[in-house]
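Take a look at the structure set out below.
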Amino acid sequence: MKLVSTIFKYLEKRSLYTTSTMAKSKFEYVKNFECDENLLPNCWIVVRVDGKSFHKFTTKHSFKKPNDSQALWLMNKAASVVMDEFKDILLSYGQSDEYSFVLRKDSMLYNRRKTKIMTYINSLFSSAYVFFWNEYFPDVKLKYPPSFDSRVVLYPSDENLRDYLSWRQADCHINNLYNTVFWALVQKGHLTNTEAEQRLCGTFSSDKNEILFTEFNTNYNNEPLMYRKGTILIRKKIKSPKSGKNKIIILPLHEDLIQDQFWKKNFEILEIQATQFYDWPPELEIPEFVKKQFKIETN
Amino acid sequence: MKLVSTIFKYLEKRSLYTTSTMAKSKFEYVKNFECDENLLPNCWIVVRVDGKSFHKFTTKHSFKKPNDSQALWLMNKAASVVMDEFKDILLSYGQSDEYSFVLRKDSMLYNRRKTKIMTYINSLFSSAYVFFWNEYFPDVKLKYPPSFDSRVVLYPSDENLRDYLSWRQADCHINNLYNTVFWALVQKGHLTNTEAEQRLCGTFSSDKNEILFTEFNTNYNNEPLMYRKGTILIRKKIKSPKSGKNKIIILPLHEDLIQDQFWKKNFEILEIQATQFYDWPPELEIPEFVKKQFKIETN
Amino acid sequence: MKLVSTIFKYLEKRSLYTTSTMAKSKFEYVKNFECDENLLPNCWIVVRVDGKSFHKFTTKHSFKKPNDSQALWLMNKAASVVMDEFKDILLSYGQSDEYSFVLRKDSMLYNRRKTKIMTYINSLFSSAYVFFWNEYFPDVKLKYPPSFDSRVVLYPSDENLRDYLSWRQADCHINNLYNTVFWALVQKGHLTNTEAEQRLCGTFSSDKNEILFTEFNTNYNNEPLMYRKGTILIRKKIKSPKSGKNKIIILPLHEDLIQDQFWKKNFEILEIQATQFYDWPPELEIPEFVKKQFKIETN
Amino acid sequence: MKLVSTIFKYLEKRSLYTTSTMAKSKFEYVKNFECDENLLPNCWIVVRVDGKSFHKFTTKHSFKKPNDSQALWLMNKAASVVMDEFKDILLSYGQSDEYSFVLRKDSMLYNRRKTKIMTYINSLFSSAYVFFWNEYFPDVKLKYPPSFDSRVVLYPSDENLRDYLSWRQADCHINNLYNTVFWALVQKGHLTNTEAEQRLCGTFSSDKNEILFTEFNTNYNNEPLMYRKGTILIRKKIKSPKSGKNKIIILPLHEDLIQDQFWKKNFEILEIQATQFYDWPPELEIPEFVKKQFKIETN
């Protein structure tokens, strides 16, 4: 009977044969009510997670307005945990209480099962956000577990994908400009929220820049890049500032990704090529986020 | 022009008119690539969350085998947070590293949008699991953020829904019986994992009960109910042991839900009726889980 | 090697093994872009076909207004061809240029593949409509091939299904009452189409009945049942007026299906039971449609 | 109140306002059970129709084996009716009892509603097949209405689309070579069907070519192009052989579409450009199919 067992093993290996999972009970028919959708091949897969009722959440936890740097780095941290787990994510982009994850268009993660991809990323992001809370807010007690929704969108062409990311970054710009002026009017101009809203109603970008400049002596373009551009996470090879050895890390960039330049510099993403070397510009300080990945003592 | 503005307000209120969200950028067309599915009306909605790689997770965190009571109560706690947030969940059932949430068949939660319902429940469960970890494992450091997948299944009839829950409870029984014998063989019988597996290969329930009884002096039916039946969470009105006032709480039951009796006693679920009063049987101790909801000092 | 071939045959029979369809070409990967949806089990399946641009079609082929009896019988004939082919259709309901087909809720036709069910029924209906044109319009040349769209809708409960059919019959009533008055005003009242429309704008059912009665001496309730109620097709056992033997035929009924009476009389539909005997009431003439099925000479 | 009515008209025109369709009956809620899927933008849409049980159909109607030229031209005719109705179809490809229709990737036909596109094309094809039967089979009575299933597949890239069409053309080649040898063995070699099958079992293309050449003196490459390559339908501008004026017609080609040459010559398809001029090669006879479109007397 050795022949027979050899045949079965051969078949199993080639997935031509499966020992039908022993029906454990007469109730098992209910499994047929489940249905699974596979994502169309050869399309970029974008998963976006988005905070639920974060307006309330930021108030309850006294986030700094218009931007809380620590809160944004916690988002970046949670996103990096997700990227670390799912190597098919080539790039992530985050701003405010949302993060978008871009999976390679040829990804076969979970056989492209829509629900698996969407819920695992969503769950890990949520869980990591709570897990690392204390690291980013050592003095603020998390009052209740926050939650995020998640969605999957397919983009067939590189142009569609770039336009998606440009859409989110344009959204970041518009909201951040609004919020920067709004909170200047409230915090420094001593207007009520309603008064500030009314003041801004119907104004254009140029008007908002003008208010910031003339009334609050603020040049919007000097605001921190992370606030204005959001955060792009990509994998890069970097020489360790500690050991001098090359290591692949998840790099946070706060750059314009609407123009071609970003995509030329980081061609490996759209071309789905190997991780590229990144030479840290001498004038820039290496951010904590990167140092931590090299396990360098940070303060 | 007051008339005009009145008309617009009237229309807006009735959702007959929407100020088309000002196209914020030329990239906004990418929103059309999103697609949303609505769940068929008049069907029971079941959302099941399921631990990812929990075999590894339980090992890394030294969960007691075959059952870790604290780990199960943490699952129950996370599920109760979800039930508390989504009132349309009438019943939840958990066992091992999975939890099923049953939403009323007439639920209009998020307009029955499949993705919203699935991902919010999944995210909140994951986030609550981490949030309450310390409360259930004060002496065990959580080593990394765990994650869960999630799925939605529709069941058109009451019978289908009952069969679904029966399927999960039968699954609980089969796995728990197996695990109980397996770990007895390993922990008390000093077999290796492989030896225990081989010993159990091809055995029937009766064989497993026999092994437990003759070799380990254990009557399986005396094992704790929570291990054998899993946990059912339902809302009940209970007289507070503290104030004497009635309060609606989330009640954990460890009962057979395969037989009719459970569904007769708790008729309000299938009939979608008001929360019923639950009179705590004098011979039973009120579990910590319930006491906490009444904010009674517990040890 | 006889043993081996026996094993393969055994596996094939149980669908545990499939000779992987020989990859005929390197292009075959494109098959993975196809995706198939299965209809939720235990729901009534309704397929509705609906004429495309039939306003133009009826004009081009000079259909009688407001109702062309022959055109309706052609629809009934095409529907009966569909019912004859797909035995899982328990009942069909047609009115105007649409037909609804109700498949038993436990149907496993094409494994409940949505697209297969929808397109086969649609195609056969369309093809039969053209095929039998000459039989119903021997003197009218079909000028171009008509077409129909089709959709699938699931109804989880008997009540939902009845309400669906009631909805279509109520629609038939409303449209037919309107059309009956409209064409009376145009054909007998010598109004233009626009004048007739204006006359009817804002009128209630009672007004329309009144116009018919006072101006055209017509009692709407005396209009032919097929026009007012549409056509229900169900399978019944009937004694052949020719041979005296029982035969299962597709029976056209023009009855109210909104009230309970219809569903009590024809209980076999909702209860998915065997075809029932139908005793033709002596006062009713057996319609041509039935005679044809018994191959009785008709004039 | 003129202002108000102006506002409403303005809103209606911009689809910002809809007079909520008057609920005609209490049953209308059942409409909510319908659900519509939109096809992902920026993907090529392929609709393929496929004959149901055509093996039986060809036998019942005595189609010539291995190929019935008239039957293939009837398929081509039905496909051209579909292309004529839906201008977004840029190319169609047919072989045996199937036809594929390629819609431009930017098509907004029926707002890209999957079901509408799939069922209208399917219905019109089926209906046209019956409608034109007599024209192609004047001496064969159609015995029963044939039917076709239909499916929609999306292809994100030009390469995927070309591979899809190559797959179908490779399929045409493989089947036609097989059928050509099979029927030679049966018709000229006087084998039974089973004997011919056994003879061909396990043979390669080269073997089949060899059999044809040595046993039946047939060079497969001299078989008619339509049988070996199938039929490609594309729109071209052609000088009328009758009036000398240019006219856009649907042109049948029997060419290799796997190689680049076809796509270079007919660049307008993938580039979605205007219909190109086609200069009929002098050595080729203009097919009946084209003459008919110019309403030239044909025999």
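Observations, loosely collected:
As written, the chains take the letters A, B, C and D, and residue 1 is the first residue of each chain.
In this text, a residue touches a chain if its C-beta (ideal position, glycine included) is under 8 Å from a C-beta of that chain, and two chains touch if they have at least 3 such contacts.
Nothing here was measured: the structure is a model prediction, and the numbers come from that model.
Over half of the residue numbers at the chain B-chain C interface are used by both copies of the sequence. When the interfaces A-C and A-B are ranked by C-beta pairs in contact, the top one is A-B. The chain with its C-alpha centre at the largest distance from the centre of chain C is A.
Separating the CA-averaged centres of chain A and chain C is a span of 51 Å.
Centre to centre, using the average C-alpha position, chain B and chain C are separated by 44 Å.
Computed from the mean C-alpha positions, the centre of chain A lies at a distance of 28 Å from the centre of chain B. Counting partners per residue, chain B has 33, 40-42, 154-155, 160 as the residues that reach two or more other chains.
Those residues of chain A whose C-beta lies close enough to touch chain C in the complex are 3-4, 7, 11, 14, 16-18, 20, 32-33, 35, 37-38, 40-42.
Across the complex, chain D is touched by residues 40-43, 154-157, 160 of chain A. Taken together, the chain C residues at the contact with chain D in this complex read 24-25, 27-31, 33-34, 49, 52, 81, 115-116, 118-120, 122-132, 142, 144-155, 160, 163-164, 166-167, 170-171, 174.
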